[in-house]
Structure formats: C-alpha cells, structure tokens
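These notes open a run of structures that come right after.
Next, two complexes with chain A in common: one pairs it with chain B, the other with chain C.
Our next item is the complex of A and B:
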C-alpha cells in the first residue's frame, strides 16, 4: 500500500503549486503536479492595442520580470515585420542578462539553498575552520574568522529570540542534510550577501527600462534614447553605471555563486542520479548577436534533444501546426472538438470547466482533471525546458563555450556526463549559464559602446508604430528563453487590435498534468523513484521541484468563461 | 522560548547583529526622511525602535505575480532589508519561507493564535470571487476563506500593490475571474493601500517602518493611500515638467527631442493623472524611473489604469498651471517627504518663471544651432 502525501503550498517558488505524491517503501511511486490559481490575462488582451501587450503580459510574472514583455514585443514585431536597430537588440540582451544573473542567484540562495543548507547546523560551525574553507574555495574578501564569528553570534541571537520568522518549521536536522556546519555557515552567510547584492544588479534594468520589477519595453526597439549630450538620456554616466554593475555581477557570480555551488555539490553527488525525469529537452534559444531573426547567431542555441541522446539536436518550428500542441485531458478545461486532441496555439480554444473538489478539500481526485495548467507537447513528446535544456542543447550543438564549462565542471566533481540528467544537473546548469552570462553581458556592453563610438545611436525603429500602416490581418510568434525555460507567445492581429494572444510558458511545459496517454510531464516524471526518508518532512520533493525553479503565475493565467466564443483563445 | 516577553527590541537586535549605535541612528534618519519627518522625528523613531518588540507579519499571496515581494526585497538601504527580513518576524510568506505544506500552514496558524490582534497582515494579490473562489486555492482552501480568517485577528491589513488595492491586470475588462481588491472584502480592520505595479520598494519599507515605529497606520488620503507617497502627481514632481510648460515634446520615440529629454506627454505619458512617488523617490535605490528612461508613465498606481486608455494615447489635456494650490500646502504639511517639498517647490518656482524658462530654452536652442 502506498501513502499519499500532499505538499501545498509549495513555498519558495512563484505562485501556487500543489504536489501530491504516493510513497511506497520510502520511494515515490506516483506524483501529481497541480496549478491552483488562474487570472485570465489572454482573455483580457483581446481587443486591445497590440503595442500595449507587453505591459499586460509583463504582469504575468514579477519574478521572471521583463521576459514576457520581451517575448511580446518580438511577437508583435514578427507580425508587423519590424526589424529593430542593433543597439536595441544589445540593450534587450543586457536586460535579459541582468534578469538571468539576478534570478539565478536569488533562486540558488533564497529559493533553493534551504533544501541543501541546514541553517540550524550552521550555528555549530567553527569560524576559523569556516574561514579556511571559504578562503580555499574563493578569493571573496568577506571570509575572515571574525566575519563568520559575528554571523554565528547574529544567528544565535536570532534563534534564541524564539521568533524564527521565515526560517520557522524548516526541516532542520533532517537526515538528508549532509553539509558540515562550516559549509552550512558559508551558505547562510552568502544567503545574506546575495540578498544585498541582488538589489544592485537590477539597476541595469532600471537604467534602460525605468524600473524593476516590470521595466518598460517598446515595440520597435527600446524607449531609452542614446543622447550623449543630455542628462536624461543614455549618456556616459549611465553607461559607466551599467559597466560597473556588470563587473560587480561577474565578481559575485565567480567569487560567490560558483564556488558555493562547487563546494556544496560534492556532498550531494547522489542527487546526480535522482530526479532526471523525462530525458527530453527543448530550447527556443536566445541572445542574438546578429539580429533576432538569425537564430544561428544565438548565444543560447535552439533545438530539441530526445531520450538523453546528445548526438542529435532536432530543429523546432514554432509556426508548424503539428509541432507544438496543447492538450487538456487532465486540466480543468473543455475543447469544443473533443478533449483528446491537441491544438496548436494559433488555433487554440479555451473553456474553463472546474471539475475538482469543492474547497476546502484534503485531496484532489487525480483520476480526473487536476490542474489549471494545460499540457503542451512537442511532436507528441513531453519536454523539459530550463537551464539544463539550454546547457544540453548548447553542449550537444558542439558550442565550444558549453563544452569547456560543462566538461571542466564534470571533471571537478568527478562525475560522468550522465549525472547531468538529474536534480543536481539542473541546479548546476543554472550556475554554469550564469557564469557564461556574466561574460556575455560584458561583451554586449562593449559592442554597444563600439556602436555608439561609431556614430550609431539608433534605439528604436518607429516606421511601423502607426497602426494606419498595418495590414488588415497579421500573425506573429515570438520566442525567448525565460530563466525557467523556453517561452513562446503567439498573436493574431485583426483590424489593428488583438484578435488572439496566447502564451506557452516554461512552467506549463514542466508543471503540467499528464497527457491522454498518461505520459507525465517534467515535474511528475522527475519525482518518480525519488527516495523520501520521512513522509512528514518530504525535503526530497522540494529539492527536485525547486531544481526546476517553478513559476506558477506564468504557467496558469488564462481562462475563458463558459459559453463565451472561445475558438481563438488559448489556455495554458 | 517564543513568549512575547523575550522578544528583543530592534535596537537590541541591531546591536547583537554587530551594528553600531551610529549605524542605528543613521537608519533612523533614513526612515525619518522617508516618512517625511523633521529632524526632531529622528529621535522619536530611535526611541520607538529601541523600546518596541518586533511585530509579527503574515504575508499572503493570492492572484498576483510576486512583483510586490520582488520590489520589497530591492528596498535599497541594507539595514532596512535586514530589519524586514530578520527583525520584523515575517512568519509567513510563500516566497521566502523555509517551510512548505503542512509546516507552512502551521507557521500561519501559530502566529494567528499566539499574536491574535497583534500581527500585521500583508496581502499581495486580488481575490477571485467567481465560481465560489476556486480560481485561487492554497492548501485546498479558497483565497477568500484564508483571507477572511487571517484578517479577523489582524491588527492592520496592508494591501500591497495594485492587485490588492484595485485589482490590477486580472480585474481589467472583462475581469474573467471576478478579481476583487481587498478593501471590498475585508471590513472592520484598519487597511492601507499601497498601489503600484509594483509599489516602489522603499515605499513599502517606509509604510512598514511607520507602523512599527508609531503603532498606527500612516496618515491616509481619501481612498486609503499613505499621503506621504501618493499625494503628488508624477507630473508635478517630474524633472521634465519645464519642457511641458514650454511646449517642448517628444513627438515619437527615439526622435531628436527624445534624445534631448523633452516631455513625453504626447507619446502617452500619464504622469498628469498619476499619483505616486516615482519622480522623487525614484526606483531601485534612486537609479531612475520610467520617464527618466524615456518611456512615459502609464499610471500603474491608479485605479482602473488598464482600462483607462491605450498606453500610447495622450492623457486628457492638462493645464500647465494647475498645481499652485497643492504647492502652497507644501511648506506646512507635516508628513511630506523633504524631497517632495524641494521638487514641488522647484516646480512652483519654475511655473512662476515659466516665461523665463521659455526664453532660456529658446536661447539654448539658438546656441545649439550655432554649435
């Protein structure tokens, strides 16, 4: 007999996720992932000005803030055949890189670390020994015995106050925590340092986009004009600020994040064989270096990998009817033409039909529909998206940068390449692409400076901004790589208004319920066979789920009221 | 171990955390500036933080995108971030808390029982009212259910951001889920709205610090927003305002006028109809704000802003000389940030000298031609 356990709310994520898992003999034998909140943003978009869409969809997520706006302006530019100036491409790349460095660091320290780092154990650390370890792994200056002993004092007082705040009721002391007190203490120290640093890096988005979270974008380019002779334009002072922040970011990532990752991983190498899941990976690619339309110029190459076979990268066509489709067999929706077929986003339809239990309830009926998330498939395959997918596609595409960083990391940890297909692999891939990003961002910056030096200060192509120039009907698709994985938006413009707008987002791929054939999506598949030592404290479930960096507001955000005309709206 | 009497004051905590008395006073001065207090207010804050025990906070997430939490952790003064994470006793927040599932629910229950009538309830997100509330469920309960229970024992409720204050994007037409702001559901508990998508991090910190310090909500305007941060139009505190008054506008994005930083009114700036602190406090530690980075304000702190006209449509015509009465109040209002006062005074001065400014700009343009 198996035992059903429920984790709801899954915390340290964005949004509302529920996981139910059946445990037998200390292992997960079945798992169900459910999104339990909807807002309906695509429906709200209907009839609005396509140039405004970026602002609406930007509000899909405030954690991966800016990425939906980026996808949106690209979608509209695709529909209206707008090519943006090189500087705007570079500024968008810098916005993108800023988001990644912020989001990955915050994920590692503030959302994921507490699955591996035991904060209570850190109190027992020897400051001197901690200092020696810290200095052996990095030249980060905050590493003296005094620094660590002050921190222990601070933590001790905190614990003694009895008000544990965000650290209350954690699984402290659980047998799955393996780090020595000293490494735990380093983790806690950098939790606090990262919290300080993260508010700095986002200033780059504020400089180019006016604020963060939710910076501003513009169809046709970016609104931040370059004007070297004006105090409120992008001038030498603003650019110098960006450069400084990028250098500081590289320092933090190379001196703190990566060394910590490499210091913690050796204690959890068994997680290199747990949580692998599907073995199918999908990336749309991003970071153009020769314009968005030239996908061969991307720093993140596009492609798909099936069955862990790194010898072949498949091409993905987002416009092709039979490639990306969404199913609703186990979601709280209805399709007019029957619930067994999948629909391409341009042809999607949506009608919500909540059939779950009336709250309050203890369990979902997982034999029936059990989520507000739809189930996307690529050519019928369940796909994992995210940092691991990107790194594997880059690696399998033979890109030198990826080969170098992946192979050297594997050899440092003394694990085979198969360890990549795992919970640990996912968490490591996030770190590796952050390290790549820190370098790339400085390259983008240098290129921007070069352009300006050469007299090119264009930041927006406004030729098609006036709707009077638009065709009667236009369709577009835009893609990017959100920190959590492949992100696509599809638009249909009719009579200068949005006739249809659809998003298929990373967490839709990863967190969706199973399909018609009963095939699981990434979260559920990755949880299979995971050992759970204590079903009352399922830290193992959190490790694997957090390794995906869930973002539920993204995954679940559309619904169309029963009885409405639904042929053009897409549920996620 | 967790009885109230053992709760340390902020000052004690700070000293234990290795901060000096000097750091502490600096922090108090920063807080005072944000709250718009005179120098004498610094000692008042210092005293409050030295004497008062920490306030437990429950922070709930409903229909939202977590941008408010993200903005909050960007609050730019390190010591403020430390206070709010360590010193405030943030007992429940799904974004950051270590515990999940039953253990997380226990955190909330414990605080609701132990600190009944004492905890501050922060709400991020709106509440869906359609379909008996099933469009937002946590732990098998509806957000409506959870909100009502949590609010019943709260000392005060803070509605973070536009979602909780006015419904924000999910309540835009046709509002498919019946997304409803908090004040329409909760009655009988003091409530403060901190609108914006998101609100500025320092504004969020400032509101919390006011409550900690004085044990009351800050003074609110007619619709429940703190006057300190929402009593001035973005337009009235905009450094590009002189260009508006002089009739110098960006005609299209990235044109020559955009490169010169002219007024964005004609490309859709909603500054004239938006009340927020962006022009003064700015964003991300004072780095910039939308207008400074070349895009108009689109009014994210205003009710119904998603349905109030397209982003790039011009706001209603707005007279250039209509703020004198507001500006006159500036010298006397007690809780207006110093910065607001200075900026508004500058605007007022500019208005009085608008003719002069016109002339200077003309001169400048002539000079530019010569160059």
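Our next item is the complex of A and C:
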C-alpha cells in the first residue's frame, strides 16, 4: 500500500505548481505534476499588431520578461524575413547573458540553496574554521573570521526576533541536510552577498533596454541608439559601466558561485544517482555569433539527445508538422478537431475546458485530465529542457569549451559521466553554463566596442517595419533558450494582424502531465525512485523539482490576506 | 536615464496588467508618469518584477507603492498602510511571481528596507488574460492618482505624511 503526499504549492518557484507523489517503503513509486493555472496570453494577442507582441509577452513572467520579448521579436522577424544588424544581435546577446547570470545566481542561492544548506545549523559554525574553509576554496576577499563572526551575530539576532522571514519555509534540522555548520555558514553568507550582487547586474538590462524589469525590444533590432559622446544614448560612460558590471559578474561567478557548488556537491554525491528521469534532452540553441539564422554559430548549440546517448545529436526542426506537437489528453483543454491528436503550434489552439475537482479538494483525480499545462512532445518523445539539456547537447556536439568544463568538474568531484543525468547534474550544469556565460558576455562586449570604433552604429533594420510591405499572410517561428530551457514562439500573421500566436515554454516541456501512452514528462519521471525520509517534510521532492528551476509564472494564483489560496479562478 | 542621485522618493506600481484589475498598480504608475511631480520623485512601472525590484527600492529613502489586493472588501476600496516589517505586508503581494514579499524580507534581513507607504486597491476577482480595469477599480484609480500626487507632494515638502 502506498501513501500519497501532496506538495501544493511548491514554494520558492515562479508561479504555482502542485506535486502529488505516491510513496512506498520510503521511495516515490508514482508522481504527478500539475500546473493549477490558466494561461491564455495567446487569446490576448489575437488581432493585435505583431510589432507589439513583445510588450505583452514580456508581462507573463517576472523573471523571464526579456526572454519572452526576445523570442517574440525573433518570431515576427522570421515571419517577415528581417535580418537585424550585428550590433543589435550583440546587444541582445548581452541582455541575454545578463538575464542568465542574474537568474542562475538567484536560483542557486535564493530558490535552491536552502534545499541543501541548513540555515539553523549555520548558526553553530566556528568562524575561524569557516574562514579557513572559505580561503581554501576561493580567493574571494570576504572570508575573514571577523566577517563570519559578525554574520553569525546578525543572523542570530534575526532568528531570535522570531521573524524567520525569508527562511521561514525550510525543513531545518532534517536528516537529509549533510553539510557541516561551517559550509552551511558559507552558503548563507553568499546567499546575502548574492542579494547585493544581483541588484547591480540587472542594471545592464536598464542600460540597453531603457528600463527594468520590463526592458524595451524592437522588431528589426534594438531600441537603443549608440553615440559615444551623446548624453541620451548608449555613450562611453554607460558602456564602461556595462564592462565593469560584466567583470564583477565574472568575479562573482568564478570566485563565489562555482567554488560553493564544488564545496557543497561532495556532501551530496548520492544525488548524482537520483532524479535523472527521462534521459531525453532538447535544446533549440542560442547566442548567435554570426547572425541568428546561422545556428552553427551558436554558443548554445541546438539539438536533441535520446536515451542518454551522447554519441549522437539529432537535428530539431521547429517548422515541421510532425516534430513538435502539443497534446491535451491529460490537460484541461479542448481541441476543435478532437482531443486525441497533437497539434503543431502553428495550428495550436487554446480553448480551456476545466474538468478537475471543485476546490477545496484533497487529491486530483489523476486518472483524468489533471493540469492546465499541455503535453509537448518531439517526434513523440518526452524531452527535458534546461541547463542540463544545453550542457549535454554542447558536450555531445563536441564543443571544446563544454568538454573542458564538464570533464574537469567530473574529475574534481571524482564522479563518472553518468552522474550528469541526475538532480546534482542539473544543478551543476546551471553553474557551469554560468561560468561559460561570464566569459562569453565579455567577448560580446568587446565585439560591440570594436564595431562602434569601426564606425558601425547600426542598431535596427527598419526596412520591413511598415505593414504595407508585408505579405497578406506570413508565418514565423522564433526560438531562444530561457534560463530554464528551450522557448519557442509561433506566429501566424494575416491582414497585418496576429491570427494565431502560440508559446511552448520550458516548463511546459518539463512539468506537463503524462501523454496518451501514459509516458511521463520530465518532472514526474525525475521523481521516480526518489527516497523520501519523512513524508511530512519531503525536502527530497523539492530538491529534484527545484533543480529544474520551475517557472509557471503565467500562473493565476492569488492568496487572501490570511495566506489561504484563493480558489476562485475565472475560466475564460 | 534620469540621474537618480537627486531623487529620493520612488513611486512603484506593481501588478500584472494581463490579469485585469490585478494590474491597477501598473495603471497608476503609467498615469503618474504623465503628470507633474516634484523633481525628486521617480516613477517606476514595476510590473511583475520580483528580485529585479530590490535595487530600485533600496536606492530611495521613501517608496510609495500601489498594488491590488483580494481582501474581501468591495472593489475599488482604497487603503493606505505603512508596513514596517515583512509580516505587515498582505500576502496578496505574492501574486507577482517570486513575491515582492520575498524581496521585502530580503531587504529586512539586509537592514535596507526603505520607508514604505502602500496603497492597496481592493479587487473582487482576477480575470486571467484580460486587459483593462473594471468600472469600480477604474473609478478608484482615477481618484487615487490625484491623491497619490498630492500625498507625494506634501511628503516631499514636509518629510512626513500627515
């Protein structure tokens, strides 16, 4: 007999996710992931000007704002066959890199670290010993015994005030926490340092995008002008500021994030064999260095891997009808032509049909539809997307940079390559690509400066901006890699208006319900066989789910003032 | 970009305008951007931003904020609260992704929480994927814009809100 436990909502994520898991003899034997949300941005976009879509999609999420806008302008540019100038590509890459470094660091320290780092244990650390450990793993200057003893005093005061605040939702003291107090303290110290750092790096978004958290994009290029001596443009002073922020980012990632990852991982090597899941990985690729259409120039190469076979990378065609399809067998939607077949996003439909239980309810009926998330498949395969998928595709594609960083990390931790297919692998991959990104961002910056010095200040191609030049009908697809995985937007333009717009977001791939054949998607598959020591405190479930960096931000979920979830959801 | 050094008051409107009345804070920010305010005041459409808002909030001594709340009061009811600790903030602020509440808690931990005046506008329901405010919330927003402008002006002159 198994016991079903419910984690709802999964905390420290974007948006609203519910996980139900059946546990038998201390292990998960079945798992269900449900996005109890309504998404319908597609409905809002219908009939609007395609050139405005980026502004609307940028609002579906508080973290991925600029990545949705990027996918959107690329989709329209694809439909209208627009090639953007090299500087615009570089500025997009710089904003992309900024988002990544911010998002990955915030994820690691503020959303994921507390699954591994016990804040209460940190208070018992010996400052001198902590300092010795910190200095043995990194040159980061804030590492003196005084720094750590001051921190303990501050934390103790904070905890004793009774307001655990940001640390309130933790299973402190749980037997699954393995770090010694000193390493816990280093984790907490850098949790705080990361808060300080993250507010600086995002300034790059504001410099190039005019504002933050919702920067400006433009179909045809970027909406910023370059004038080295012009006070209102991207001038020499602002560029110097960008360079400094990028250098600081590299310092933080190489001196804080990566050393912490390598210091924490050895205590959790068992997680190198837990949470692997599907073994199928998908990346659309991004970071062009020779224009968006030349996918061979991407720093993140595109491709698919099946059954953990790193000897072969399959090509993915986002336009082909039979490749990417969304199914709704287990989702609360209705397709006009019947609910049993998958639809390519260009033919996608977003008709909501809620058939789940009326709240409040104890369990979802997982024999029927149980999620607002559709189930995407690539050639019928369930695929995992995200940092691990990107790193594995880069590695399997034979890219030197990936080989070097992956192999050296495996050897430092003394684990075999199979450890990559795991919860630990996912969390490590996020760090490794952050380190790659820190270097690439400085390369993009140098190239931008070179172009400007050589007199190229073009930032937009406005040849096709006027709708009078558009064909009567056009179809486009735009792709990018959001920090949490492959993101695709598909558009159909008719009579200069949006006739259809579909997003297939990373969390749709990862968090979707099972398909018609009963095949699980990434979250559900990754939870299978996970040990759960205490079903009242399932920190193990959080570790694996958080390792994907869930983002269901297009979610509809509200709380009343007592903190109870408001269950009234108006169905469209 | 404006020089933030001279500015010590921020108006921050937050919410998601793709969800009907939930976006009332953003609607207020956009309106306030178009009317004259004292030179030391910056207006920011915070949208759905979570951790992205910590930098801007810490850069000002005083932050006037506006947000929607589902508190059971009639739609369009406006309340002004002065939250001093994260627990004083209504949970409803968690609607916007990794909640602004988390950011407030992080600032409390850092000891950097600015003085905050928070205008809460009651909404009765949230309409997913709908742009525009309902009639009572729109009426409340129209009146609230003038009140916020005059509150900010009074505060700017006297350093305190009467």
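A few comments on the model shown:
Quick note on the criterion: the second predicted complex is superposed on the first by the 551 of 572 C-alpha atoms of A that agree within 3 Å, B and C clash if a C-alpha of one lies under 4 Å from a C-alpha of the other, contacts with A are read in each partner's own complex, and residues count from 1 in each chain.
Rule of thumb we're sticking to: a contact is a pair of C-beta atoms (placed from the backbone, for glycine too) under 8 Å apart; a residue touches a chain by one contact, two chains touch by 3 or more.
Since the model is a prediction, treat every value here as computed from it, not as a measurement.
After overlaying the two complexes on the shared chain, residue contacts for A:55 are found with chain B alone; chain C is out of touch. Touched residues of chain A, counted separately for chain B and chain C, are more numerous for B. In the superposed pair of complexes, A:110 makes contact with chain B and with chain C alike. Looking at the shared chain after the overlay, A:315 reaches neither chain B nor chain C. Look at A:221: by the touch rule set out above, it reaches chain B but stays clear of chain C. Contacts of A:8 after superposition: chain B is touched, whereas chain C is not reached. Legend: residue contacts after superposition of the two complexes on their common chain; A:468 is shown touching neither chain B nor chain C. Applying the stated contact rule after C-alpha superposition, one finds that A:400 touches neither chain B nor chain C.
Touched by chain B in one complex and by chain C in the other are residues 12-15, 38-41, 43-44, 56, 59-63, 65, 110, 158, 163, 165-166, 192, 195-196, 198-200, 202-203, 205-207, 211-214, 553, 559-561 of chain A.
Touching chain A in their complex are the following residues of chain C: 1, 16-19, 44-56, 58, 69-72, 85-87, 90-92, 94-98, 102, 105-106, 108-110, 125-131. Against chain A, in their complex, chain B makes its touches with residues 1-3, 6-8, 13, 16-18, 54, 56, 61-71, 73-76, 78, 81-82, 85-86, 88-91, 93-104, 106-107, 110, 128, 131-143, 145, 168-170, 172-177, 179, 197-198, 201, 239-240, 252-255, 258-261, 278, 283-285, 287-295, 298, 300, 306, 310-312. The touching residues of chain A, when paired with chain C in their complex, are 12-15, 38-41, 43-44, 56, 59-63, 65, 102, 106, 110-111, 158, 163, 165-166, 192, 195-196, 198-200, 202-203, 205-207, 211-214, 553, 556-563, 566, 568-570, 572. Those residues of chain A that touch chain B in the complex are listed here as 6-16, 36-41, 43-44, 48-49, 51-52, 55-56, 59-63, 65, 110, 114, 119, 150, 153-154, 157-158, 160-163, 165-171, 192, 195-196, 198-200, 202-203, 205-216, 218, 220-227, 229-233, 241, 354, 356-363, 372, 457-460, 462, 465, 536-538, 542, 553, 559-561.
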